[in-house]
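Dropping the structures in below, format is structure tokens.
Two complexes come next, and they have one chain in common, chain A, joined by chain B in the first and chain C in the second.
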Partner chain A sequence: MTTMDSGIADRTISRRRLLSLTSFLGLLGASGVVVWSNLLFFKPRVTYGEPSRFRIGAPDAFPLGTRLPLGRQRVTIVRNENGLAAISNTCTHLGCVVATNEIGFACPCHGSRFDPDGTVLGGPAPRPLPWYQLSLSPSGEIEVDTSAEVAQGSYLKV
Partner chain B sequence: MRTALATLSIIVLALHGFIYYEQLSARWQDHQSQYFREAAEQSDNAAVRAALADRKPQIEQVIVRSFGQPRVDRCMTCHIAVDDPRFVKADQPLRTHPAIKGHKFETFGCTICHDGQGRAVDAEHAHTGGHDWPWPLLAPELIEANCVQCHTEPDWPYAPRVAAGRRLFFQRACYTCHTIAGLSYGSVGPELTEVGHKRRASYIREKIENPRASNPTSTMPRQDLQPEEVLALTAFLKSQQASNVARAPLTSFVSAQQQRPEWLPLAQIVGPALATSVEPMPPVERGAALLPQVGCLSCHRLDTRDGRVAPDLDFTAVQRDREWLMVHFNDPKKVVPGSLMPPYPLPDEVFDSLSQYLLSRPLPALPATPAEQYALLCARCHGDKGKGDGLIGPYLDPRPRDLTKGAFMKTKSRERLIASLTDGVPGTSMAPWGKVLGPERTAALIDYVLGTFPKGSAREPKGRKVPAANPVPYAPVSVARGEAIFLDRCWGCHGKKADGHGPNAEDIVPRPRNLRNTPFLRSVTYARLHESIKYGVQGTAMPAAGFDFALSDQQIGDLINFIYSLNGLGAPAPQTAQLLPTAR
Partner chain C sequence: MSRDPGLLANLRDLPKNVWRSLFRNPLPSSDLGRSQTSFANFFLHIHPVKTHVHSLRPTYTFGLGVIAFSLFIILAASGILLMFYYVPSVEQAHDRMLDLSGTVAFGVLLRNMHRWAAHGMVAIVLLHMARVFFTGSYKAPREFNWVIGIVLLLLTFFASFTGYLLPWDQLAYWAITVGTAIAAYAPGVGELMRFVLLGDRIVGQEALIRFYVLHVAVLPAIITILVGVHFWRIRKDGGLSRPASADLPEAQPAFPEAVEGKLEGLAARSKLQKKKSFGVLGMVRGPFNKVGNTPDNTVYSWPHLFAAELFCFALTVLVILVVAMVFNAPLEAPADPTHPPNPSKAPWYFLGLQEMVSYSAFWGGVGIPTLFVLGLLLVPYLDRGNKGVGEWFSRHRLLANTLFVLFLLVNLVLIVIGTFFRGPNWSLVTPW
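Showing the complex of A and B:
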């Protein structure tokens, strides 16, 4: 007891003040954790939508020159001499599914036009079509991650 | 005070931190990290390694919409290596799933084959589903039950266990009691059309192994099954889900009983091959071929096969005639009202073949001494020690007589006992053994029984005055008076329906007589009924109503008129024993 008392006295902090400080910090920390953990509810770990990451098969399934729209997952798989890419099929204007044509993409709702890389050529669309990240899964299949956008022109070399 | 507050605040902080940590860190994150690490080590492709290095653990899910209700399967959150061929030898959960042609995880998910709770992301809830979840992870040997939900072809070769279970369902006579829509139309036991959807495999298995395990009042006979047979039946029943994805949903709600046919096609019961091969046979041979296949021996005994539930068929040839057998096949309750045996959904031609085969069988040789005869003929029901607790005793109604009760046995005349053994007791499972034994051996057997089993003393019945015929003529007034007396004095044991199931009956052995047992009442003389009511029956719970309740002979006559009215017997009371009711 005596050593502890003298230690506190040396640092000129009273026992009363130390206890107040500890209580304050403890309660502050606890309320911080409570607020933080409640805020986490706003971002669920998983929802019942289509999974954002999915496999589309081995690279061999997409020969050079492929432009294959996948209806359910709303991406178009493109393969050219640069490699593989996945371009969104969702119009950046109001969310219609765009069609692929010889120019690139065309939105049937309000007439937006995009070139083969998704750059806006005309119509009301405000932004180019986003590109999604592609990776090679350990089982050797191509994996698309629609939760991660990448810059236009970033191809996966296979 | 301040010390306490400071300590408490630190404890609260630690507690919050701990809960936060526990809720946000899960085992699946460790499994995924381990997989990313090991997969990167095993990979020789830089792109793959780079992709793995970027990946953070996250909940993986497949949403299956193609098969009935949408399923959300998150199994791959832990079992993340299912489609990575390099993890064949790894420990679970990181093991490769064997590839099944045409079944991609992205389309089928996991729970459609394996069951379990797809949404859960911790092992316990995902595998068992928690309390009351009807579809915990299916044992590998039962997975066939889910394959056949889509592969409904009757001869699909990859579900041998379900096919074997289906054969057993008919061979073991399950179909006679239970309904499975489209397969069978029994109305004795619960309907099993959806049993695989409603019950866990473990429950089904337990019920098959021991019907009374979870329901002590079940009357389902316990079948003598090999473990492999139990497994096959479990797989077959687990496959009965009605919510079959190949079926239109509405049709599964149409009650099977509405479509109930009078009988089932033989091919459905014994399989098409046997059904066609018995077609040209003469009736006796056809009966011999069909008897083991349609389920009789799943309860009865014949030669070496014994279902251990129902009487011996070895002596049927002389005990019964064709008329009796045909009535019994069509509705066993017509001749034995308490019979456990369900009416068989078979055409009359099959009954005829079975009857002719049973009647054509030679009688087994009888042993010489009464003791051996008792062991062979009587012990199956009455028990080795004569206590009425033989092998099949519990399944019979009324129960076999307890031969050790001196009070009962010693007050009955030797002639009456000999008559019961010779002619049997109609309306019960006691068969006319006199036809097997002949008069001398019957008398010797009764002497053996009387000399061996009865214990305890009996009051000598003396000075009994019993009218030979009913003193009260049969008339609606008399029946109404009798009913009033019955509802005053008798229903506590005999039950308000007079079926022997009164509130006091459960503890009474032998059970109170079922007064709606028409074949029995038809066989009993008026005098015997009157005597039993007036003086009671020694060795049973039946009191002497003539004295305890002070009923006069007239009142007893009213009572018996009431009992006759329940059975459509009316007056005049039959004086002679009749074996058979009129054919249906």
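Showing the complex of A and C:
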């Protein structure tokens, strides 16, 4: 074999090797698709639990000074001179339901404490309680969207 | 060709012939028979024909591996029975728990056995790990069996954790809420992991059915397979670890001239195999015939090993039965997703975790536990010296053993604080 030939030979690949390599890549890709589709299977698009958007009634139902915790939906509806707001009742530490009290909120599980706006006062909670988006539906009812967080202090004027 | 004895004679011999076809070997009275008993029986053939005497010393293993497996058998049996009455629905699950005490014979006893065996299995598997560490048994060639053991430990935690939710009482609901919230602190994938595990944003019907399927089908199947591999590898890695002094001096080969001459390959292989226990086929083949002498200080597994295992199993069943008759498994009020009890505590084996989480959510819940597990998995690959294997608290392993004692103590102290010294609002209280 001349030097030129061997240079070409280095870059050639036998038919058998090419076929086994592509077959292997094909199997690898197929397994990847199987794993990926199974992962998708385990992540439902819609859940059977509480909906993330729900209506809580007309603004008149919440007079000035209201602090009403809704147990099932895990939000507290607040009404003051600035307007209406919905603050999450789920502790940002480990997901327990916080109780409303005179200082604001308190988590019974690990003792995190929050002021009436949800700012952390003490305990292990890493973040303040999130505020959720409120809107006025065409029917005149307040709609809460727990999938949309808004900045602390964003009130809905009514 | 033998003559057919005739129908009448066949009928007369029916019981005898059925018995013989079932049990091919009568109770053994010879060494060949004792070997055949292990070889020819499906349920026994995972055992070696012969066992090293050192492996049978009660104070070496305390039978912890066999006890852990016995608890797994108790859990499988009682769990399958409980499945006949349990319904994984948020409306029915708790009522079904109550029904076990009123309308089902031995229902409470079975539930108690299942609960206490589950706690027992977590504890015994941890003790088993400690035994393997303190005797240096994870050293080569047993590194990978240690890794399988760590995976089995994690699976035991997960099986126990998924079972914890099923009674659907307050304890279950909030322990799982807190436990899965810890998982959500994993960076990047945490929230997704929690959502996929629960099938929803909070613990509810979706979480219950997912935990149920994991608990009764997926995890037991994986554990069963891995336990099989774990046992099989004990044999392939040469039996339980033991110090070199436990072996008798090497016997002379039957044909010394063969070692130097043409059979060098065979001789080398036989030298390699010296530390392994021999099956009957290995013993009767080749020039290095070991039949008739026992240079490797072993005894027949029948009856020595099997009697020891049966004893461990019977003792485990007895203890669980007595505990289940004396203590009732707790059952609190039905789960109320709006009112967490104060304080809410995870299962005891996760209370060390929860205690750490109360200082720092990420480091306590994810960072340090991940480092712990990685450390445990890598132990046999980082600590590769071969001194002090097969003996408890060997002088040669002072550093490794001290570190492991510290590791166990830290976890134990955190669990004790989380269990007994934490009251309402997770404030420090005294239990007395």
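Couple of notes before you dig in:
We take it that the second predicted complex is superposed on the first by the 113 of 158 C-alpha atoms of A that agree within 3 Å, B and C clash if a C-alpha of one lies under 4 Å from a C-alpha of the other, contacts with A are read in each partner's own complex, and residues count from 1 in each chain.
Keep this in mind: contacts are C-beta pairs under 8 Å (C-beta built on N, C-alpha and C of every residue); 3 or more make two chains touch, one makes a residue touch a chain.
No experiment lies behind these values; they were computed from the predicted model shown.
Contacts of A:Y48 after superposition on the shared chain: both chain B and chain C are touched. Of the two partner chains placed around the shared chain by superposition, chain B is the only one that A:L27 touches, whereas chain C remains out of contact. Residue contacts after overlaying the shared chain place A:P108 against chain C, while chain B stays out of touching range. Looking at the shared chain after the overlay, A:H93 reaches chain C, while chain B stays out of its contact range.
Within the superposed three-chain model, A:R16 lies in touch with chain B and out of touch with chain C [touch as defined at top]. Touch criterion met: A:G71 reaches chain C, while chain B stays clear of it.
Ranked by how many residues of chain A each touches, chain B and chain C are led by B.
In the three-chain superposition model, chain A touches both chain B and chain C at residues 48, 50.
Taken together, the chain C residues at the contact with chain A in this complex read 174, 177-178, 180-182, 184, 192, 195-196, 199-202, 204-206, 337-344, 354, 357-362, 424-427.
Remark: chain A residues 16, 19-20, 22-27, 29-30, 33-34, 36-37, 40, 45-46, 48, 50-51, 53-55, 135-139, 143, 156-158 touch chain B in the complex. The part of chain B that touches chain A in the complex is made up of residues 2-3, 5-6, 8-13, 15-17, 20, 23-24, 39, 42-43, 45, 47-48, 50-52, 54, 58-63, 72, 74, 83-86, 106. Listing the residues of chain A that touch chain C in their complex gives 39, 42-44, 47-50, 52, 71-72, 74, 90, 93-97, 106-111, 124, 126.
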